[in-house]
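In what follows, subunit A forms one complex with subunit B and a second complex with subunit C.
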Partner chain A sequence: MGATASHLGKDLLSEYQVSNVQEPAHKRFTELLSREDKNLPDPRAPTEAILTLPELKSNPFRERIVRVFSTSESRDGLTFEDFLDLLSAFSDSATLEIKSHYAFRIFDFDDDGTLDENDLEKLVNCLTGETDETRLTPDEMKQLISNILEESDIDKDGTVNLSEFQHVISRSPDFVSSFKIVL
Partner chain B sequence: MNRTPVKEQGRGKERRRSTAKKLKPGTATGNVFGSTNSSQPQFHPCLLLDMCHYFKQPLCPCLSSEQESSEDGDKEGEGEDEEVEEEEEEVEKEVRPETLTPEELEKLKEAVDDKKKLIQALRGKPWPMKKKHSTLRESQEFLEKYEGALGKGKGRKLYAYKVMMNKKWMKFKRDFENFTTACIPWEMKIKEIESHFGSSVASYFIFLRWMYGINMILFDNIGTVPRAEETNAMDFAVLWDFGGYAQYSVLFYGYYNSQRAIGWLKFRMPLSYFLVGVGTVAYSYMVVIRKMARNANETGGGDENSFNFSWKTFTSWDYLIGNPETADNKFASITTSFKEAILEEQESRKDDNIHLTRFLRVLANFLVLCCLAGSGYLIYFVVRRSQKFALEGFENHTWWERNEVNMVMSLLGMFCPMLFDVISALENYHPRVALQWQLGRIFALFLGNLYTFIIALMDEINLKRKEEDVVQFNMTMWEASLHNNTADNSTAPPLFTHPADVPRGPCWETMVGQEFVRLIISDTMTTYITLLIGDFLRAVLVRFLNYCWCWDLEAGFPSYSEFDVSGNVLGLIFNQGMIWMGAFYAPCLPALNVLRLHVSMYLQCWAVMCCNVPQERVFKASGSNNFYMAMLLVILFLSTLPAIYTIVTIPPSFDCGPFSGKARMFDVIQETLESDFPAWISKVFSYAANPGLVLPFMLLMVLAIYYLQSTSKSYKEANVELKKKLQMVN
Partner chain C sequence: MGACVCVCACREQRLEQDRELSSWRQRRRSLHRSLKRLRADLQERLSSLVLWRGDIHLIEGMFGTGILSYFSFLRFLVLLNLVIFLLMFSFVMLPIIIAPHAGGNVTFNQADGQNVCSVYPTSARRGLVIFHEHITDLLSGGGFLEQTYLFYGYYKVHAISFPGFTYNLPLAYLLVTVAYLCLSLVWIVQRSATGFKRNLIQDEDRFQSFCNKIFAGWDCCITNEDAARLKRSSLLYELKTDLEEERIKQKIADRSRKERCRIYTIRLILNVFVIAVLAACFYSIYRATIFSQKAQMEKMVQICYLPSIVITLANFITPLLFSVIINFEDYSPAFEIRFTLMRCVFMRLTSIGVLLFSLWSQITQCKEGPCLCGYNHQLYSCWETRVGQEMYKLTVFDFIIIAAVTIFVEFPRKLMVNYCGCGLMRWWGQQEFAIPQNVLEIVYGQTICWIGTFYCPLLPAICTIKYFFIFYIKKVSLVNNCRPATRPFRASSSNFFFLVVLLIGLALASLPVMVGVGQINCSQACGPFVNYTVSWEVLPRTVSLLPNKALRDLLFALASEAVAVSLFVITCVGMFYVIALAGAHKRVINQLREQLVMSGSARNLKVASSIPEVALSETPHPDCSCPAGCRPAGLTPPPGCECIHEGVNVSRYCEALWVI
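Right after this comes the complex of A and B.
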């Protein structure tokens, strides 16, 4: 929690409005750091600490979220700027374009730029919970994935790319209101 | 990030004024501002024009962001940098507008515009903070340098001033927005509810808050009519009946007298009253329609069912959920909805025994119609009875008999929906369709009740008017006798009669207002009492009796109640409809409603957190957002109809209210037009009201609607064609 970190925060605030949660965000972020890290100029909070945040704890996509917003090489841990990026993308003032872009990256489990059948399968498994009772049977899963591709895959190449995804999302009335995290 | 002066660095590159023609085709504007595909954007500010004089410096912000972030695109950008650089030929010390050729000036202007657009669009770009930050600073420096130059030196100071004012204005706007967001009431409460119950329950409270805002504005509107002293406090019974002194108070229509202008303000009471009424209605229409249009815009209009499975997969998780129990519920409901949807799709391909289903549905609808007719008749009967009681004098009857009408209406509103629920079990619809039918029937029930009530009121109004005629007759007799008395002693001072002694005529408008207020208050009381009994008492019973009961009360019957979003929203909408209906005759109604909504907010927030559990099946009630707005619009329209009818047809009371003495209420407009405005305005109005003008205008509007509809149809067809083309290309 050096002077640099807070100076950086204020700098961003003056030049580019991120959101109006600068101070509480900084407080919550520094709570996640270990004692030695607090004195570093640009500390990075480890993934395990971030996953303990109550807003993320119950989210089935929490690990993907941290990976997507992390700018380190090993995609592990968030700096304060990354954390602000996260909050900004999930805030009320983020546009549909930003949200759909990040949603696409979160759902893209293998980071290849498209949502293919494996990605969709992992996605559905995340959504139906961890236990075996709530999972779909393989038949149902196949049926579901083929239905999804039939609806969203406009160019019929077997995968959903970003523009197709954004096209589907832009028609949805609930997406913007549900893709929100507030500290 | 420090900047060191250019001149001594690197390859001796100095400021260039070369133009876009140096760029390779791949780096044309379309690509420069980043693409929205998932690979990292190829934007590199230095590429736009080779005028960045920090080109290729280790301290160049562009380069340092390349080093810091591990994105591929930047490496690509770097490669391109070098290639472009090698094509460089011209070198210039400084940029002066006079030294640039016209095309270069033109290209410079374009570049400046592009940078400006980039800065504005920066917010919507899904880049990490660092990149946005560096791009913003780059672009701003570029603009400062070259836009000033374009301003030809003399304009430089003015330009700098403009830029500074702009910055200050942006900062002010931002601060103001932050302030207003912080001022939004009940934000923390709603957030808590969101994390426990999900966004559909929270959407009810957001709707409640919006209604509160509208009523505040209506209340302020009406408050502009000047008021004198307040009423004295009376004991509750008299106040409840709104008789006595309150009848003549500011709260009701009868208070406002018909003087044309009050004192030195020359405040035109009748006209202002009328205009305020019209104004509030128009404002309400505008707000509702605007919200509908905005909702329709956001959903992209139409095509609601065509992305069923994709939406379930991509948008069904509610990121606001922070509670593990709610999350488990959500998992379960998502699984159920997947399985249901898959099953439904398989079943829609086969339909069996359609005749039985059709017969059952017709039967169910018949039963519902019987219910509605029955409740309508009951209300009519009760209102007639209360008229009889009124004639006999209210003191002879019990409390129940005095307030029969209101109680009956509230009770019907409570029990009939349950009946409809039971009947709908016959119908065997998909749950979402069944919900819509249910809402439609409750809607019809409320509407029927309200209109029956109004028709019954009409009879009372006619009764009052007959009374009026009698009183008027008596008044003339009384005045005549007064004149006779004074004529005898012509030397005595003129007789002053105390105002209270003057017999007042009955005021049917105030009576209508009173009825509405009573109705609304009893409705409110019923809601609160059912809330306390139905939810709170039930929760207490389940909690404490569970220890000594045979079966598990919490899991089986009755268990905790769920929050019924649609029922509550409907109740809110109907409440608002009644307010709109009565607002013309009892200006205090919006104020009452503001108070009521305020209390409701706190009470319901507490009740939801304390006694309710999250719903097991989560219907996208928010998806039918426009459905609720449409209902609100219909209610608004239907509530203003009675008021308009009475304004247009029934003559106002002769003795009370701002319109007394006139033949019809809207005569006040004609009078104003004739006497206060210059002559040409009334001529204009008389031309405009000419049927010869109105009919062609209406015809024009019909044609416009037809044209717009055919255009939208052709757009839809074009859409389908394009989709086919996309598939063929691949």
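Right after this comes the complex of A and C.
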């Protein structure tokens, strides 16, 4: 775990952002701002406006994504820098480390640094749907969570921490292609 | 490993650093940066030139990555066929075409009328030709199409002598055939290499599937609300199926001995039934081919197309039959899908084999004992053209069937389901895009193309055009008529599955080509190999005519048995080595995993018992620090962030953001 690896990643990413991502991203971002906010020096787009983006509208984790990338104290709304962070984390050129790090934070619903059973249950319910007929039965949920923990919890402490999560993600062939948003 | 992305902070840092450096270094850095930007720009522009990029992106957004893999597979086949056609064209057809313009002198194979084998009655229609006969000729490859560049029989060239060198056309024809088979093999293997590696890892770690489905299950590319709803329901369905499969596996393990005997007897009976059905289908294909060949004189379209019709019917009925039978065999759901698929693959590809076998039996068997010319010259004065015509007919018929099914079955079905609310329609439901069946269709077409290119050199071009139109037909049908399959196909393993089936098709296609080139006597009346007994003979004869004796001896030595056997032995040894290496790696991985588990639990015990004073504090230990410039700030540290405490390294409690 060294700072040098991430430094290289930052460099490459910023190159990509400057040339290919910034201009279209800025255009889309300013469309989300209200008229008064456009004149501010560092405008912050409100969460409701961001959730109307077509790329995020259908995503079940959209609120978590906005919360994770937001830098304000109340975790509400994104500045343009935050927006760029979001796009670069979801872009093709982000490495698996970056993507898995952010995925972990998105899935960690209670922000305690580990994925415990409640987090996993909320995660599965987000994936399958909110209504009663689209949820798993409690027995199935228990069976599913115990299967997930069996596969990913290496030190058998009942929760999935970041390293275990990254280990599981590195063996997951679909992750890179599904954790991708293209504007 | 502070895996965070800083845009403005990094840029400010970089600008500050820039100011400190000398101006020369600054210029070098900015040049470096602009070169990188130029390269990224160029890559972006090149990738936008990729065929159908916009269409495939649209499909990906609407239906996800499973169906996307089918369309990118189709695109791969279009490119493959185009490349094969270019090979064939530039080495076989181009010299003939440019010979008169480049001062070349074409030497034709002389057909001396004395030899009864070299009589080739022209099949061109004489007299007044009715219009519909042109259509019949176009569909069956006979009549006016027979003596064109389309078929093998037209290439009666022995050599083309350009000023300066002589172009040996028979040799070129043979080498291009070998080249396109090898090229296809190499390209497919290269494309499937990544998928194969992943599949190996996945197989070894069979219990990874739940994590993959949950953590990587949501396809963030989906932008359409309907598609999102469908994705959610398909995920739910997949999870329920997997959990049910686990329960079934448990039930199977708990089966009593009496139940097991009963199940095995049922499976045996059903498998015998399946083999009987397959044998019946193959026999009907055999008889249909022989009947159609004998009745070739009638030139009726129905008779010409009889083998194609029988093959298509058989390939339509058998999958339905297999999917009904598999329900009684009581396998686990995943195995059911795979087994049915394997049966369908076997059925499709073997039906082509049976067709070719029946053709071969017709060609090499004469009425009175051994054949005079080595082949049946009474029925087939030019048997290669005949085989080419059969492959041509199969290709054309396949295309017609795909287009007809889409237009006359899928569109009306959608209209009826939408506008007629009766119970039957609702039960039948909207069309599902069944990926495996569609893939088998196009692999079948590609296998025919590989077999037929030797006998019908323009077939790759026809296949390119055919797949080009099929892409648009399927895309329109998908967007307008279909809903995604309720049994979702994994994107990662599906690419690998397509390429494996394609490889099986390639292996099957090389067999008839090899038999045709090396075994059956080539026609004396047509084609480039008139002066040789078998087509393969052109190669040894050319080698023996080489001026350089050392090269000649080397090439003959390479073809001898000694080299072949030693190559085989070396390959076997290499394979055993690689298998042993893989086994050793697997063992090491298992050991390391056990170590992790043990050390984790040991540490838990140790920490819990021997260092009770390690308070899992809320604030981080001063030795844990956040890497400079890393965002976001303000995140509460995970509980228990300690680095070194009383000589014990408990740094594993430091999560990603908090480095020592």
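Operating definition for what follows: the second predicted complex is superposed on the first by the 164 of 183 C-alpha atoms of A that agree within 3 Å, B and C clash if a C-alpha of one lies under 4 Å from a C-alpha of the other, contacts with A are read in each partner's own complex, and residues count from 1 in each chain.
As a working rule, a contact is a pair of C-beta atoms (placed from the backbone, for glycine too) under 8 Å apart; a residue touches a chain by one contact, two chains touch by 3 or more.
Note that the structure is predicted; figures quoted are calculated from it, not measured.
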| task | Using the overlay on subunit A, decide if subunit B and subunit C clash or can fit next to each other. | result | clash
| query | Should A:Ser178 be classified as contacting the first partner (subunit B), the second (subunit C), both, or neither? | reply | both
| task | Could you say whether A:Phe61 touches subunit B, subunit C, both of them, or neither, answering first, second, both or neither? | result | both
| field | First, second, both or neither for A:Asp108, with subunit B first and subunit C second | value | first
| said: Just to be sure I read the superposition right, which of the two partners does A:Phe29 touch: subunit B = first, subunit C = second, or both, or neither? | reply: neither
| message | For A:Glu81 in the superposed arrangement: first (subunit B), second (subunit C), both or neither? | response | both
| request: Answer with first, second, both or neither: which of subunit B and subunit C does A:Ile98 touch in the superposed model? | output: both
| 42-50, 96-104 or 114-122: stretch of subunit B that collides with subunit C | 42-50
| note | On subunit A, the footprints of subunit B and subunit C overlap at residues 15-18, 20, 54-55, 57-61, 71, 73, 81, 84-85, 88-90, 95, 97-98, 101, 103, 107, 113-114, 120, 123-124, 127-129, 134, 136, 140, 143-144, 147-148, 151-152, 154-157, 161-163, 165, 168-169, 171-175, 177-182
| message | Give the list of subunit A residues in touch with subunit C in this complex. | response | 1-3, 5-6, 9-11, 13-20, 54-55, 57-61, 71, 73, 81, 84-85, 88-90, 94-95, 97-98, 101, 103, 107, 111-114, 120, 123-124, 127-129, 134, 136, 140, 143-144, 147-148, 150-152, 154-157, 161-163, 165, 168-169, 171-175, 177-182
| query | Taking the complex as given, what residues does subunit C use to touch subunit A? | reply | 1-8, 10-11, 14, 33, 36-37, 40-41, 44, 65, 198, 201-202, 205, 207-208, 210-212, 214-225, 227-228, 232-233, 235-236, 239-240, 243, 246, 490-493, 593, 596-597, 600-601, 603-604, 627-628, 630-639, 652, 655-656, 659-660
| field | subunit A - residues contacting subunit B, complex | value | 12, 15-18, 20, 54-55, 57-61, 69, 71, 73, 81-82, 84-85, 88-90, 95, 97-98, 101-105, 107-108, 113-114, 120, 123-124, 127-129, 134-136, 140, 143-144, 147-148, 151-152, 154-157, 161-163, 165-166, 168-182
| said: Give the list of subunit B residues in touch with subunit A in this complex. | reply: 36-39, 69-70, 122-126, 128-130, 132-133, 136-137, 174, 178, 181-182, 191, 199, 203, 295, 298-300, 303, 306-311, 313-324, 326-328, 331-332, 334-335, 338-339, 342, 345, 620, 622-623, 625, 723, 726-727, 729-730
